[in-house]
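Alright, structures below, take your time with them.
Below, chain A partners chain B and then partners chain C, in two separate complexes.
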Partner chain A sequence: MTTAFAIAVGFAGLLLLAGHILRSEKYFKMNAVYINHAGHLSIYKTDSLDNGFSKPKSYGIDKDDQGKIEKLLNGDQRIEFIGKYLKGSGLVSNGCRSIPFFAMGAEPEVESRIRNHPLVEKWASELAGFIKGRGFWTPGFLPESIAVSKGLSQLLGKPLVYDEVQTKNIDNNGFIDCAASGAIDKIRSDSNVQLATRNYDGDFSAVNAEIVSHYSTGLALTDDNAMLVPLPLLQQLFSTDKITYMAAYLKDGVNHKAMVREIQNKFNDLNMPYVIYPFDNDQISLFYVGAMSFFKTMAVFFIFLVFGVVALTIANSVTMTIIERTREIGTLRSMGFLPSSITNLFICENLVLTSMALIAGEFLAWILSEAIGHGHFTYRPPGVAGEVILAPLLTWESCSIFAVIILCIAILATWITATGRTNQPVVDLLTSTSA
Partner chain B sequence: MNTTTTSNVLAHLRNVQKRYKLGDTEVHALRGLNLDVLKGDFTALVGASGSGKSTLLNIIGCIDEPDSGEIFFENINVQKLSETQKSTLRNRKIGFIFQSFNLVPVLNVFENIELPLLIQKEISKKERDERITNAINEVGLTKFLHHLPDKLSGGQRQRVAIARALVTQPSLILADEPTANLDSDTTHKIIDLMLDLNKKKGVTFLFSTHDEKLMNRVTRTLRIQDGIIIS
Partner chain C sequence: MKTRLFFSILCLVFATTSVAAPSADLLLKDSDRSRGGNLKGITWDIEIKTEDDGEVNTRDFSVKAKGVDALVEATSPARNKGEIFLFNDRAMWFLKPGLRKPVSISARQKLSGQAANGDIASTNYVGDYDGKITKTEKIDGVDTYVLELKAKAKNVTYDQIRYWINSTSHLGVKAEFLTLQGMILKRATFEYNNHINHEGQSIPFVSKMNIIDAKFSKNKSAITYMNPKEEAHPASLFNINNVNR
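Presenting the complex of A and B:
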């Protein structure tokens, strides 16, 4: 009974641990692929990741190539949609203070699709919506509407978004006397900012922008300098029609790694100087790769620990059982049972016991998982901005894999322990004083 | 020893020696023992504790091995058999009855008796059931078919053990002090049962005992002392 209980608890623990890691992986993947726009596959000009930041004009994708890439990808039924992205940095000003920003220029309709994607809502609902305001794709919004990260809005002293300013009917006639005593209040009272940078031609460039929403990037590292800008506005700021990269968002369940090779070969065949990166490449999603490595290392450690405890528990239980039943083994041997038959008998008994314990363990894991899910517990993984919902994800795959491993451990532990005893001379078994 | 024909000899032992270690002491259990067990015999092996009774039974039953000497069972040289062949021999030819019954506590009477037949794959389920029913009837435990051993008296448990030894229709049943844990009345009932099976079914019995009162009930008595048969 104690053995069965230990196996059940160990199995439930493994399932919950695996469930937590699986759930976290889904969150991190949604964050990397959709919220941070890596797509399942991203297409960069060769060496763009190394040199694109310093030489954006040379490593940007021009209109012509954008069309060729779209044509190449559009026929693939595995691709759900494609996004074009321009990345750039500069200074954002509230009229009195300038702060560095890193902007992601995205097509409004694609960004809208991402924010309302069923997978994002399912696995990263914390990130799907905006902290306040509405998306810049909302009909009626100005072309210069932008979303800024929560931290950046605080640094800019811009707590209000466009909708709030409109509701309050605040007169924001533009000019701010930064030295005046009411300057901070005036900055706080409107939602417009100015973006300035050095454009692709090396000239100074600036545009006005209206903050229509605050959002979270999901990453602590970027949550106080990120900005989401409509692609045309950012292209206007950088005086270019180029983009930095294109992202392909695949349908659920498609093997993205196989597609990388396949699409890369197509580009190579066309002599197009482009490289396809999967979202789980550390140059594309460093945080995803780092976080998952951490989780996997932790999982391997704990899984070995639990498996070790289960194996020792079973071995200990079998040893005790066999010692108690030594005379019974001797009796069976005297009747003509072979040592291997008796060992198999013990293996069968332990398989039944272990199977029952696994069923109980799965039931326990399911109850705990439901309880945790309904408890709306949250946690903050390292490097993540904000809280992540704690809801272990139980899957039949993890249940099956762990169950098979535990059953194998049970068979092995029983076989090792039982074989030694059943092969002893019959007379020693019958006269054993330990039974 | 008795003058016998080879065909009448079930077990044949010549100059059998057995030593074993008991702590730091070496015990010389059998010292060149000679014995022929005849078919149909009902033999009691009598001797003091440590005289070698159990060792002799174990060696005849192929559950222990002598250090030297010859052992033939139904003209088969037992020492040349592999462990698997010895297991088969035990299952087909030899039944064991133990002093403390050695029933499997989680199995009922029927299942305990069924155990040795489970190895004999050539026996159908129907034949197995028939054999078990007959064995149970012969030991008078028909009403206790589905009882667990702990619900039975000592005498009843030993009857189950006898039925289990009998069910494979062995040539020889070896019993190591089968009545030592029983009261006088039950002892006589068990001996009556064994005698009855010996007479009616011709089953050969060789059993060890301390009880001198049983001597006048057996067809043959062997006295063993310091590892040799003295009479």
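Presenting the complex of A and C:
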């Protein structure tokens, strides 16, 4: 009974751990692929990741190449949609002080598709919506509408979004006398900011922008400097029609690694100087790669620990059983039973015991997972901005794999322990005093 | 005997006076004046020619300065016309037609090529830096004092400057702009072929500043100063509220 209980609890623990890792992987993947716009595949000009930030003009993708890449990707049925992105940094000013920003310029219709994507809503619902306001693709919004990260809005002293300013009928075009006592209140009362940077021609450039939403990047590192800007507005700020990279979003279940090789070969054949990166490349999604490496290390450690405990528990239980039944083994041997037949009896007994424990363990894991899911518990993983919903994801695949491994361990542990005793001489078994 | 003693003391006094270096503040004040610093009102035009990774660009500005304030207006190319940089001591603003509010910017930001925003306005090293004369050195046959300047505040153009000032004319000859850790960011040399009338005297005024990136010597900028003239500017010219309207 104790053995069965140990196996059941160990199995339930393994399933919950695997479920948590699976759920976290889905969350981090959605974050990397959709929310942080890596796509399943991202296409950069060769060496752009190393030199693109310092020489964006030389390493950006020009209009002609954008068309060629689109043409090449558009025919592929495995691709759901394509996004064009421009990355850039500069200063965002509230009229009195400026704060550094890192902007992602995205096409409004693609961004809308991402935010409403069923997979994002399923696995990263925390990130799909906005903390406040509506997306810059909303009909009726100005072309200069932008979304800023929550931390950046706080640093700017801009708690209101465009909708709120409109409802309150506040004049947001007024000049702010920064030395005046009411300057902070005036800054807080509107959603207007200015973005400034050194553009691709080397000139100082600035544009007006209207904050229409606050959002979370999902990453603590970027949650106080990130900004989501319509691609045309960011291109206007940088005086360019180039983009930094293109991202391909694949249909669910497509093997992205195979596609990387395939598309790379097509680019090479056409002598196009572009490199395809999968989203799980550490140069593209460092956080995803780091987080998953940590989870995998943790999982390996716990899996070995639980498997070890299960093996020792079964071996211990079988040893005790065999010692208690030594004379019975001797009787069976004297009746003509072969040692292997007796070992098989023990194996069958333990298989039944382990199977029942596994069923109980799975039931326990399911109850706990449902309870956790309905409890709406959240946790804050390191490096993640905001809270993540704790909801272990139990799958038949993980259940089956772990169950088979535990059954194998049970068979092996029973066989090793039982074989030694059943092979002893019959006389020794019948006269054993240990039983 | 008394007469000999008097002359000996007199000689000693003169000898001491002739070798005593001027204070760092005096050197900076004099050198700043020839770079537009702390004058009651001055106007000049500048042309910044930039060579960055083989790409050459030219931009023109008109500068009006008074004391620690300066108003810099872009005059060419046409796409930049009307853009204004306003310097109120260490606070800096950028404005352009159509921009609803001025943008607060930093003197350290690069304006064009190697030239930082702070390089185009009048120079006020005496107010912005603590200076110390460290040694004397001959640069192209000219005796100079070498000053180590440390920023008094974080919002000045450079953290540290090594500044060579002509020991006779008190004009800045050469500068190295350094990071807080002492790493050289860029080097500059100055020419003084312009003259302005200051308090009835003709004084030399900077005509060219050549700035070279310390790491990539191919990346350089030349600021040419033209038509400098002292003229009175009203304080309201440098008021952000007025400029913005």
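By definition in this document, the second predicted complex is superposed on the first by the 434 of 435 C-alpha atoms of A that agree within 3 Å, B and C clash if a C-alpha of one lies under 4 Å from a C-alpha of the other, contacts with A are read in each partner's own complex, and residues count from 1 in each chain.
Definition applied: a residue touches a chain if its C-beta (ideal position, glycine included) is under 8 Å from a C-beta of that chain, and two chains touch if they have at least 3 such contacts.
Being a predicted model, the structure only gives us computed values, none of them experimental.
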| request: Could you tell me whether chain B and chain C fit or clash when both sit on chain A in the superposition? | output: fit
| task | Have a look at where A:Arg333 lands relative to chain B and chain C in the superposition and call it first, second, both or neither. | result | first
| query | Which of the two partners, first being chain B and second being chain C, lies in contact with A:Gly95: first, second, both, or neither? | reply | second
| query | Which partner, chain B or chain C, is in contact with more residues of chain A? | reply | C
| query | Should A:Arg198 be classified as contacting the first partner (chain B), the second (chain C), both, or neither? | reply | second
| request: Determine, under the contact definition given at the top, whether A:Ser317 touches first (chain B), second (chain C), both, or neither. | output: neither
| task | Could you say whether A:Asp177 touches chain B, chain C, both of them, or neither, answering first, second, both or neither? | result | second
| task | Check the residue A:Asn208 against both partner chains and state whether it touches chain B (first), chain C (second), both, or neither. | result | second
| message | How many Å separate the nearest C-alpha atoms of chain B and chain C in the overlaid structures? | response | 83
| message | So in the complex, the part of chain B that touches chain A is made up of which residues? | response | 58, 61, 63-65, 83-84, 87-92, 96, 98, 102, 104, 115-116, 119, 164
| message | Per the contact definition, I'd like the list of chain A residues that touch chain B in the complex. | response | 327-328, 330-338, 341, 425-427, 430
| note | The answer for chain C against chain A in the complex is residues 50, 52-53, 55, 57, 59, 79-80, 83, 85, 94, 96, 98-106, 109-113, 117, 240-241, 244-245
| task | Please give the residue numbers of chain A that touch chain C in the complex, ascending. | result | 55, 58, 91, 93-98, 173, 175-178, 192, 194, 196, 198, 201-204, 206-208
